[in-house]
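In this document, chain identifiers A, B and C correspond to the written order of the chains, with residue numbering beginning at 1 in each.
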Amino acid sequence: MIMKSYRKELWFEVPTRRAFVNITRQVEACLRESGVQEGIVLVNAMHITASVFINDDESGLHQDYDRWLEALAPHEPVAQYLHNRTGEDNADAHMKRQIMGREVVVAITKGKLDFGPWEQIFYGSQPHLAPRAISQSGGQPRVPDIARQAFVEKS
Amino acid sequence: MIMKSYRKELWFEVPTRRAFVNITRQVEACLRESGVQEGIVLVNAMHITASVFINDDESGLHQDYDRWLEALAPHEPVAQYLHNRTGEDNADAHMKRQIMGREVVVAITKGKLDFGPWEQIFYGSQPHLAPRAISQSGGQPRVPDIARQAFVEKS
Amino acid sequence: MIMKSYRKELWFEVPTRRAFVNITRQVEACLRESGVQEGIVLVNAMHITASVFINDDESGLHQDYDRWLEALAPHEPVAQYLHNRTGEDNADAHMKRQIMGREVVVAITKGKLDFGPWEQIFYGSQPHLAPRAISQSGGQPRVPDIARQAFVEKS
């Protein structure tokens, strides 16, 4: 019997303030590398304003999400949030992340993500560093954006 | 030592447009079949507009959820959502699903779901096929509605 | 090879009607007790109005969450919720819990919670017993507030 636990980080840069990035292919590649046949995979964001969620890869839907989240937790006026007194301006992103979720757990069956027909995994990027921090790093910082953990039984 | 990984789908039909179905008994039956004593179970929806969540089995509460979700993400007017330009009319259901959640992970202790006194597992059904698809299939289609995955250590 | 499954409950009293309690240190202590090196930990609330979530430990942000949740699902008027006809007055807390979430699943790597730089685990307490039940017990009742389950492979 071989037991496996496999971990991989995805690092990437998102050019826009907010974006939903389909990472299904990357998670599948990681799954193949892990050799896991039966088990589960945890995919989570490492930033507290970012999300990992499962839904449809349809651009209209993503624009709907964006508009809906903005209505539920508006970015402006920035001063409406106490958190922004810390010098950040992303309090709204902390609210939006609670709705979209930090993580997904997916079953692995016969070496594949055990998905329904339309399920795709997305990384929801939101501003996670203050403008000050970004300019200090001399541009868009590279930060670890996903940790994934496959955990599995194989007989 | 015996390692176990067990998977089962629940298929069912929901007669109404939206419904919260208590599936706790079915998950418990699956758990008994699996023989798992200590571990975790993942219960997830396979439709991207459906939910699996844990809460109270109280009909007033479920009506409250229904009304609250409708206020947060109204079905009408259908044209307010870009996603509905694809010919579907369920964009609101994709929003509601983000609030109710895709999946739950539950601890298994001594062969039982390790629950607090009022915890019950629900499947939240929402429209997941366009009216066109439904009529093509000659009525309410049967679709796989739940995948569950038990994953466990037993010494 | 040693396989491990470890479970521990956290019990605590929250003096205020609502509170976000940082339980990261307690989960880390549990992790050390378990001896788990590689795997996952499930941390979940056992009350259906309580939450476990991961975010920033910043008091302004927590006040923002509190105000935001109250706007999305107001406590008053109590009679707006059918659930409150049961004699409870916490229907709003059942709504808020869906937004904040019941559980988190965290990867364990080299014996540590595999966290990004700001990730902390919080227990979000909300009223979970009717005033009647509280007074019957002669004060604030002690109730089990967290179950955690570590599940792991160690070679």
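Note that in this section a contact is a pair of C-beta atoms (placed from the backbone, for glycine too) under 8 Å apart; a residue touches a chain by one contact, two chains touch by 3 or more.
Keep in mind that this is a model prediction, so the values were computed, not measured.
Asks: For this assembly, give the contact graph shape among line, ring, star, complete and other.
Replies: Drawn as a graph, the chains make a fully connected set, so complete.
Asks: Taking shared residue numbers divided by all residue numbers at the interface, is the value for subunit A and subunit B over half (same) or under half (different)?
Replies: different
Asks: Can you give the rotation angle that fits subunit A onto its twin subunit C by Cα atoms, in degrees and rounded to the nearest 5?
Replies: 120
Asks: Express in whole angstrom the distance between the two chain centres, defined as the mean CA positions of subunit A and subunit B.
Replies: Those two chain centres are 22 Å apart.
Asks: Going through subunit B residue by residue, note those that touch at least 2 other chains and give them in order.
Replies: 3, 72, 99, 101, 105, 151, in rising order.
Asks: Would you tell me which residues of subunit B are touching subunit A in their complex?
Replies: Against subunit A, subunit B makes touches at 3-5, 7, 42, 44-48, 72-73, 81-86, 91, 94-95, 97-99, 101-103, 105, 144, 147-149, 151.
Asks: State the interface residues of subunit B toward subunit C in the complex, per the touch definition above.
Replies: Touching subunit C from subunit B are residues 1, 3, 38-40, 53-56, 58-61, 63-65, 68, 72, 99-101, 104-107, 109, 114-119, 151-153, 155.
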